[in-house]
Every structure is written in structure tokens, then in C-alpha cells.
Amino acid sequence: MRIGVFVCHCGSNIAGTVDCHAIAERAAELKDVVYTEDVMYTCSEPGQAGIQRAIKEKGLTRVVVASCSPQMHEVTFRRCVEDAGLNPHLFEMANIREHCSWIHDDMPRATEKAYDIIKMAVAKVRTAEPLFPNEVDVNKDVLVIGGGVAGIQTALDLADAGLQVTIVERESTIGGTMARLDKTFPTIDCSACILTPRMVDAAHHQNIAIMAYSEVDRVQGYVGNFVVDIKRRAAMVDWTRCIGCELCVQKCPAHAPDRFNVGLAESKAIYIPFPQAVPKRAVIQTEYCRWFQQGKCRVCSRVCPADAIDYEQKDTYIQRNFGAIVVATGMDVFPWEEYYPQYGGGSIPDVISGLQYERMLNASGPTGGHVHRISNHEEPKNVVFIQCVGSRDESVGRPYCSSVCCMYTAKQAILTRNHCGPETNIFVFYIDIRATGKGYEEFIKRAQTEFNVNYVRGRVSKLYEEHGKVMVRGMDTLLGQQVEIPADLVVLATGTTSAEGAPQLAQALNISYDEFGFFKESHPKLRPVETNTAGVFLAGACQAPKDIPTSVAQASGTASKVLGLLSKDKLKTSPQIAVVDQSRCVSCWKCTDVCPFSAPEKQSQRDGSQKSHIIETVCQGCGICVATCPVNCISLKGFTTDSIIDQIEEALLA
Amino acid sequence: MGRLTYYPGCSLRHSAAEFDISTRLVLHKLGVDFVEVPDWTCCGSSPAHMTDHLLAQGLAARNLRQAATVGDEMVAPCPSCYQRQKDAELEIEEDPGFRQTVNEVLDLPYEGSVRVLTLPEVLLEKSGVEAIRRRVTTDLVKLRVVPYYGCLLGRPSSLTGEADEEQPTSMDRLLEAAGATVQRWNYKTECCGASVGMPKAEIHRRLSRKVLDQALEAGADAVAVACPLCHQNLDLRQVQINAAFGSSYSVPILYVTQVLGLAFGYSDEEMLLHKHAVDPRPLVAKAIKEAVAFREEEARLASEHEARQKMKEAAKQDRARRRAGRVPSTEEGGAAPEEAVPATSAHDREEEAAG
Amino acid sequence: MIRYDSEGAAQLRDRMLSRVKADVAACYQCGNCSAGCPAAFTFDYAPNQIMRMLQVGMLDEVLASSAVQLCVQCLTCTSRCPRNIDIAGIFEDLKTVAVAKDVRVPEDAATFNRVFLENVAKYGRLTEAMMLLRYNLMSKHPLNDAELGIPMLTKGKVEVLPKKAAGADEVGRIYRKSLEKARWEG
Amino acid sequence: MTAQTETRTRPVKVIAIVCNWCSYAGADGAGTARLKQPYNFRVLRVPCTGRIDPLLALKAFQKGADGVLISGCHPGDCHYSEGNYYARRKFELLDRMLPHLGVESQRFKYTWVSASEAARWQSVITEFVGHVQELGPREGRAL
């Protein structure tokens, strides 16, 4: 056995706190180590070439690279040694950067620790065995979860490339948040004019199937071969018959808050969110329906020309297979009412959210695009916008910037000027203005100059009603003066929050999410649309708050990643899987009980007995069975018990 | 042990005697057992904690020690006293080292662990809304009040047990339980100017005026408080406010315990209403009188309504009887859905027919 | 023009971290504390400006400001701070620093505090009438609360002859010991 | 200083066995954020805490570890759905068994740190190493 150890300086990232040269020299004394070297940047091209040269010239049979986290470069180096003719699993990484140099200051002690880490890696690589991947067939259908602008974009890109795409959308129509917006910044072009054609494209595309009013219930399988259970929620309307004529909606006698218009108007118990809905199908909201609540009515059923109403409909479940999953579940508006009692907590009628104002501005919205006070329908004289409501506010558990509010507030302020004319006073309370996109800063300047919007630097502490006005008590920090504005209408630039149910979906998909419910990408810079679960990708605001251009750009990026994955007919599976020593198996079947993937199967032996056998393409390599087997007859390739004990020993050796 | 001790504090001894008396009577009426902290002394609020931290905690710790000799809980109706003593309680509990430091300035060490409570906390925890409601004998439904918590009854919520700092609810619940009509308003927790009112009169005048203004805007006849300082600024200094702004406010300021006491049937004299600068007696008398008239009217309307219902019921039975005599029962199935069609649709159809 | 005092700023930050558990460096100057402050209209510096001054180490200016002395400790700022900074706690601590350092605080406030505490140290409990009287005499505007005094007297809200409470002597000792300790350590 | 006091005050040795998906990534994140941590712990990476046989923890104590920390994904967040639940069951048993084997239960900890919880990793490891240091090095390894 001939082991080579390469210690990376990573510029000064490691060498700043670890004496790389010294430990490289010391490592040469370790058993089986025949060659060591310290390198400025091991991951660079010359660095990798050096490793390959050493493998050939020094006859190395195993390699350890001491550098950064394996999550960063394990793949890189495995490929590197493979190209030099070694099995990629005869390679091990020692993480002396994230786990050592970056968390310590004292060079002698950090160096000692780095040496220990290298010793552990050498011990591990000593017991390593060559491993060879299996190949599995790939299903080329793609599931897109969420039919907002990001989901639509990914679906269209993939469908245009020839893949079969299914969009699963929780609401009864696709379109997402963008469908509710009036105009978009910084161009002030109509949101519906951009989005609705894309929605129709998706609906008519021969490679796209839309499953609206449906949710992902369960996900099994693995990359290339996901098995997904989808729940079709009972709409109480047979969508194969419904033609979206809206006759039922017109005649329905039961009123319900209009969710699409964020409560600014009333809708009916039987509901189609908006005229351009795709698919345009009715849904009965049973909690408001007279038939479901009082057992009387059935008006919709009588007026429906297509005989589509079905009060007996139940949720149905269907199972589909996919090769890849794109999560594009978007975001929700921050529920400010629960968190800001100092702004009236929703009890002051003339204090509304940004999304409500968006609906008010919209010509097909509840006020027909007329801006008026909610309390008395008069045109407002003083309109006040308050930024960072539910953003950058740790007192409400939202320390992050929602990234879209500065811009949408500027847009709404400009539109207010257009709607209300020059007499109206428009104020925007801001802390900082974040206008980093293309043309954004220019847009802010136009709001301030061309549209005469008064930007006040400071936060608003309290809103309260007085003499028919909403008193805005704020601060002009630049003047060092408190200000009070008797406002007619106050629009809160409500921040964004993760979509309802995001953690549950993440758990079903086995992907990570942060404390706020946004899904975690595999690497913030290098793998921004991948997740830690192979075959599951992210698009849009489900990953972090995003505006439309960024969501769409990311969605197309995601599509290209999915295409890259599915361009192959077969996928190599990880060879780091469990294997049973059948001669010692006692057929207790504990392994079949605990395996989350049903990888162990009962295999009949020649003598008629049954022994456990692990299906290689199904095993995900978690090792639960290994720790569970009472006779220790299962071992996990790449993480054998011996190799773990060897590492422990090395770490503890004085 | 386990007794509730009562810390009146300096204000309640004299300038806020009506708060003291009404609190004692209300606790007594509700059957809440308590004993006064023996030989209590001033808590030091607010100059002490703005002068020296150890002085402040030392003064408060002395009272905790005194309370510990007879009980393990302490109610301080005055929110300033409450806050000082609660603050000392928490710091001493959390930091044994600090307990030692404090004990160095005391004559005798404090080794106990007394839990300090606000008055609303005691009323709600030891008695509760239901118990209060049961003891109400005088109807105060026509007394429209706003609960004024001021700074210290709601903030910080981690200390006072309120769920929300901006919208505390304990006084609302107490006043509603007493049968008063509680108006929603925006100034529950805005400051009245506190004791800075003394060195800088301008502050309290402006702030207290705003509180009175908002109370009236909310449609209240009186403001309910639970703080001697708030009471002084709003009641005693209302003349100063009027003099400074040329206004003519005359808003009675009642302690929440006075409202409870009145509801329990105590007299104006027992609740020491005459001690207030703005005399609340006319308002209280008027409210009680109006309530009686209101209840009479309510009873009259109810009996009328009942009579009408009875007549309707009788007529319906009558119709049913007659119909049963005439119409075969098979047609009833067809009639039922007709009935279910809402008025609008029926109306539409009539119009169509007319057209 | 000012020069930033980085060392002083670091010391101040540490003091507030250890005494109040508040990090002045976390302040991002949104101005919410100032917006909601009921007394800020009488301040020379708004609360957010005080926070900024602390960030750059301007302790002397802060201690000399009327803002620190006129803060009413209503906790509105603390309760609404989006960075969860205990601003009122910082102001309270600054008041004690001002006392310990003998910084000239506005006469009214200093007199009020002194009269109050001396009264308490003497009688064990606050005798409001005596205190008010002495305060108004010492602050040289004896008629300040005259309108107040009359209703207080007539409404029987004043104890005319103060009595010494049972624990008064101990309170006097607490007063003297604490301040002595502060003087030695300050 | 006598030899004996030296052993009592020497830095303790702590082994941290963490899962690849959550806690290892969390520790990576702590490194990326330059969150300072104690020197005397060594990290061992396994795919999932479900892979960790409690005997491995015992082995570590036997080989001279003064403390063993196991850290995985939060309940419900396991990359393999339920590995951390199986791990929890095993380690709760181990936790109860350790004192009978002469190992103070404070020397063993099972916790969870997600990939996004860099600061939590820092506080978990710092506190744990601190507690073990308070107990001091283990002497007379009966186990």
C-alpha cells in the first residue's frame, strides 16, 4: 500500500493558521505513507496535475488531500485520481479548513489539530476498498411543484426541450403571486399582459400537464426514479365537465371573502379566482357553501349547464413516476396583522398591505383601479407607505430583507401619482433603499423627482386613528425630528415569508430548509438551484425572497440543470451502499423493518432458507440497517465499522 | 408560608389612598387572602434606579426580604413599585453572585425567593373573571371606559405576563367582568409623562392631554387606570393641562379597583370617589341610573319580541293545520327546494316572468 | 468636524453588553425608537442619535445631553426596536453613569432625584408633600405645583406631618453604602 | 506541578460523530462564518446518525475519549427520512446505560444541528467541550 498525502495551503486560508509545510513533512512518518507534499492550491489545475503526476511517478495507490470540506471538493478530487487511473474511492479528504484553520487562531494548536485530522483520513483511506457504481434507468418525466411564474418558466423550458412535465399547483389556477400584481417594476408594464400568455402557453403545451387544486402528498424513490403520490383536492365540481362559464358564480347566494383580492372584496362560495384563470374551473369552498353548512340551496347544481357540480366528490390520490422534481412553491405575504399591533393589527380599515394595494390599483380589481380610502371611499389626500414591515425586524422574527419591497413600494408610489393626480401627497418611510437590479436605482430616482414622492428616512413607530385620519407617528432621522402625518391611506410594504406548508413539503422531499422555511440550496454560489437530495431542484422565491426577473432567470437555470441530468439514459448510483454477509445473516428481518427505502429483500437460498439481500440500486447508503443488525452482518461500503474505529483510535492517540 | 403579601408603597399610603382602600376591599370581597409586608419601605422608584443600580436593587431587596418573613408572593398595585421589585427579584434569582452583592448593603441578608405579581395578575389568577362576574351587583353597562395601562403594566411583556406589549388585555378583562362597557382605543400603552412630569412639566402636560383627547375620541366617559402616577398626571393635573392649553377637559379618572368595587356594590364614599380632583360621582350616578333604565327597556323589548314570536308560531301551526287538511302530502317534497332558493334568485325569476 | 474614538466606542459597547445585555453596534439607525418616544420633543438629541453617538464613542456628549436625563423610562423604544436592543436599559444605565461621574445633569432632574432619595433615606418611605415642597423650593420655582398642592391638601391626599417608618434606618444605610460603593468603583 | 494535577488539568479529548447532511454541513457553515470553537474535539463524518452503533460511542470511551457528541438532523428533517429517530432511540438507551459503566452521563450528548445552524453548532460544541472540561479527563478507563 502506497499512500500519498497532499496538504493544501488554500492561499492563506489554511496556511494562515496551520503550518502546512511542517505537517506535510510529519505525515511522511505515518504508516504506509510514501509521499507527502504541501501545495498552494490543490484544487487548481496545476495542483491536480501534481497529484496525478505523483500517482504515476511515485506509484501511489491511495491518496489523501488535506484541504477544505468534502462537500466542496470531494467530487473534484475523486475525478482527479480517477483520471490518473485510481479507483475514486481510494481517496479521502481531510477537512482542515472549515473544521480547523477557519475556526482557530493559535497556530501551534491548530497545526496539531490539522495533523490529527490528516491522521484520521490516512487511517480511513488505509481500509478503503475500490468501489464501482451501478447504473439505473432514468425516467425522463419531470414534476414541477408550484405553478407561479418560476414554475411556469421551468415547465415551458423543459417542455420545449421535449420532456414531459407535470405542474402540480395547490390553488385552482396557476399564476401564483404574479397573477395578483397590477404592474411590474421597473418598467411599469402590466403584470397580467406578461404572465397570462405564458399561463396559456403552459396550458396548451402538448408536453405539459397541469394538475391544479392538487398537492404532493408523498415522495418515494430517488433521482431518476421518484414515485410521487399526488392528492387531488375535492373541488366539488367535476372538472372534466366544467367549462368555466361562471354561471354558478353569478347565481351562488353565499358570500365568501375573496382570497385572490386579499379580502378587499367578497366572492362567492363557488369560486373562480380571476377571469384569466388557467385552468378556468370552479371550486366550491365548502366552509362558506350553504349546502355544506346548512344542507340547503343547491343553486349551482341547478344552474350549471354542464351538469358539473358533484357534492359527493372526495379527495383522490394518484401515483406518478418522475426522474426529477423542481420545487417552485414561491412565497407568502407576511401576515402583518398578527405581528404589528402598533400598526393597529388589522383593525384600522385604511391601513392595508402592499398586496391589497396592488389589487386596488388593478383595473380589473375590486375597485376597478380606483384608489380610495377603505373607510369612506374618498380619494386620499395623504398616502403614506411604510417599508420593512415584516422585514429586517428581529422583534417579529424576520431579520432578513424581503428584497422586493423597496422596488414595489416605489412602483406603487408612482402609480398612486398616476391614479390620484398632483394634489395628493405621497410619503415613503424607508430605512435603506435597496435598488440593485438593472434599471432599479434609476426607477427610484424617477419616483423621487418625476413623480414627486417624498422619501422620509426613518421608521414608523405607531399608527392610530384620530379625527377620521390615520395618524402616522414616525421619525425623520436625517432631520433628527419626529414627524406626524395625518394620513388617509397607509400602505404597508409587507415583506415576504415562506409559503405555508414549506417545512412539511421539505420533509416529504428530504431537502433542507432554513429557520424561516425557505429551502436550502446545495451551495450558495456553486450549486444554487440544486438541493442536497439528488434530482430535486429549486426555482424562484421558495429558496429566498426574489423578484420576478430573478425568479425567471433562476427558473431557466434550473431547467438547464434538469436537462443536464435527464440527458443521460442511465444514471450511475453511489457505490457507498450496504452489503449483507449472507453466511452470517440469521434472517431476523430487522433490516427490512428499519430501511426507509425498502432496499433489503428476502432472497431464497439454495438450501431453501431466506437471507437478507440489499438491492443495490435502491439502497441510499444511510447505514441504518448496519447499526441495527444484531449480528453485525451488514456493512456499509465506504463507512465500515473498522474504518470508523480506526479513525477514533487515531484521533485519540496521544 | 405560601401567603400573598401586599406592598402598598408610598403613593398608596397618601396621594393614592383611594387605590389602596379600593384594592384591599376588592381583594377582600373576592376572598383573596393577603397580609401587608411588615415594615415595608420605599422601593426607590424612579430616582433610585436612575442614580445607582445597587441602590435600586438594595431598596427593593429589603422589601422582598420583609415579605419573605410572612409569605412567598408579593402584589404591588403600583406598577412602578412592581417593576422595581420584579426587576430585583429576577436579577437576584438569576445571579447568586449579585444576591451576595445586594446582601452586603442590607442589614440582614435576603435568602428567600418571593415572586412579585401585578395587581391585574393577582385579580385574574387568584380570583378570575368568572368569580368577579358572580359578585357584580351594580350594573355599570352605561359606564363607558377605556383601560389605560400606561408604560409599565404592559411592558415588557416578559415581565408582566401580557401576551402582547402593544395590546395588553388584563384590564380589559377585569373591566368587562365588572360589567363596564370597554371602548377600543389606541392609547392603552402610551406614556402619560410619568414622574419626569415633576422636573419637566411640559412633557406630562402634552402627553397626558393626548391621552385624554384619545379617550374622548374613543367615546369614553372615563379612563380606568391602575397606576398612581398615571392617576396623578391625568386627574390631579388636569387643571394644569387645561390652564396650559386653554382646554376644558373634565374626564373622571378611576382606578380599575374602584370600578370593580362600585360593581360589587360599594358606595362612592367607600371607594373614596370624593378624593379625585375631577369628581367622578355625577358620572357614576348617571351611569347607574341609565343602566337601570336601559335594562328596563331591554326587558320590555324582549318580552315584546317573545310575544311576537309566540304569535308567529301560533299562526304557523294554524297554517300547517289548515294545509294538512287540504293538500295531499306527496306534493310537499316538491315544495321544499322551492323554499331553499334564496330571495334573489326568486326575485330574478319573477322579473323574467314579468318581462 | 469630529474624530471617531474607536477605543472609547469599544469600551462603551462592552459596558452596555455586560451591564444591559444590549449591543449598540446592532443599531441600524431606523429611527423607530425616536419615532415612538413620547418625550423626545424635549430632547436635544433624539434617541437614535444618542445610539449613534454611543456607536462612535461620544460618551461625554451623551452624558451631557438632556435626552438621557429626560428619558421617562416608558420602554416604548425597547419594545418596538426591530433589532431587539434594550434602548431604555441603555438610557437607564447612562443616567447612573452620569450620577457616578458627577456629570452636570440638568438641575431640575438632579435636584428632584436628590430630594427624593434623601427624603426616603431619612423617613424610609416617601413623604410626598415634604418632598414636593423641598423640591420646588430648591429648584427655585416654588409655585410650579401650587395649583397641584391645593387640591392635594383639600382632597386629603397629603400627609402633613411625616413619620419615620420602622425600617428607615436600614434604608439610610442602604443609601449610603450603595453610593459609597459606586463612588469607590466609579 | 505534580504529574497527577497535570492529568487532571490536561485538555479533554472529545469525539464528535456527525451526519453528513445536517450537522457536518452545519459545522462547515460555522467554519465558513469563522465562528471560533474549542481546539480539543475531532469530527467524524458518517452518512446518517442512524448508522452509528452505540457501541462506537463506547469504543471511543474505551480508547480514551473524555466526551462523545453525536449530532444529526432535526427530527423530521433526516435526509433518509427516519434515521435520526432510530438513532434517538438507541442513544437514549445508551445515555441511561453509561453511568452503570462508570461514565458520567454528562460526557455523552446526542443533539441535532441542521445545515443552516452554524451558530448553533458553535454553541453546541463549545458548551459540550466546556462541560466535559469541567468534569476533567477520565481517569482509570474501566470501560
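As written, the chain order gives the labels A, B, C and D, with residue 1 at the start of each chain.
Basically, contacts are C-beta pairs under 8 Å (C-beta built on N, C-alpha and C of every residue); 3 or more make two chains touch, one makes a residue touch a chain.
Every value quoted in this text rests on a predicted model; they were computed, and no experiment measured them.
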item	value
Farthest-lying chain, centroid of Cα atoms versus that of subunit B	D
Chain pair with the higher count of C-beta pairs in contact (A-C, A-B)	A-C
Chain centre separation in whole Å, for subunit D relative to subunit B (CA means)	52
Subunit A-subunit C separation of Cα centroids, rounded to whole Å	50
Contacts with two or more other chains, residues of subunit C listed in rising order	41, 76
In subunit B, residues with contacts to at least two other chains	165-166
Numbers and ranges of subunit D residues touching at least 2 other chains	none
Set of all touching chain pairs, with the criterion as stated earlier	A-B, A-C, A-D, B-C
Residues on subunit C engaged by subunit B in the complex (per definition of touch)	19, 38-39, 41-42, 70-76, 78-79, 92-93, 95-96, 99-100, 106, 108-109, 111-114, 116-117, 120, 124-129, 132, 135, 139, 144-145, 147-148, 151-152, 155-159, 165-168, 170-171, 173-175, 177-179, 181-182
Residues of subunit A that touch subunit D when the two form their complex	69-71, 95, 97-99, 102-106, 109-110, 112-113, 116-117, 120, 503, 506-507, 510, 512-515, 520, 532-533, 576, 594, 596-597, 620-624, 626-628, 636, 639, 641, 644-645, 647-649, 651-652
Touching residues on subunit C, where the partner in the complex is subunit A	28-37, 40-41, 45-46, 48-49, 76, 80-84
In the complex, subunit B residues that touch subunit C	10-11, 13-17, 39-42, 44, 46-55, 58-59, 62, 66, 104-107, 150-152, 155-157, 165-166, 189-191, 193-196, 198-203, 206-207, 236-237, 239-240, 243, 274-277
Contact set on subunit D toward subunit A in their complex	13, 15, 17, 21-22, 24-25, 27-28, 30-32, 34-37, 39, 42-48, 50-53, 56, 59-60, 63-65, 76-83, 86-87, 90, 114-117
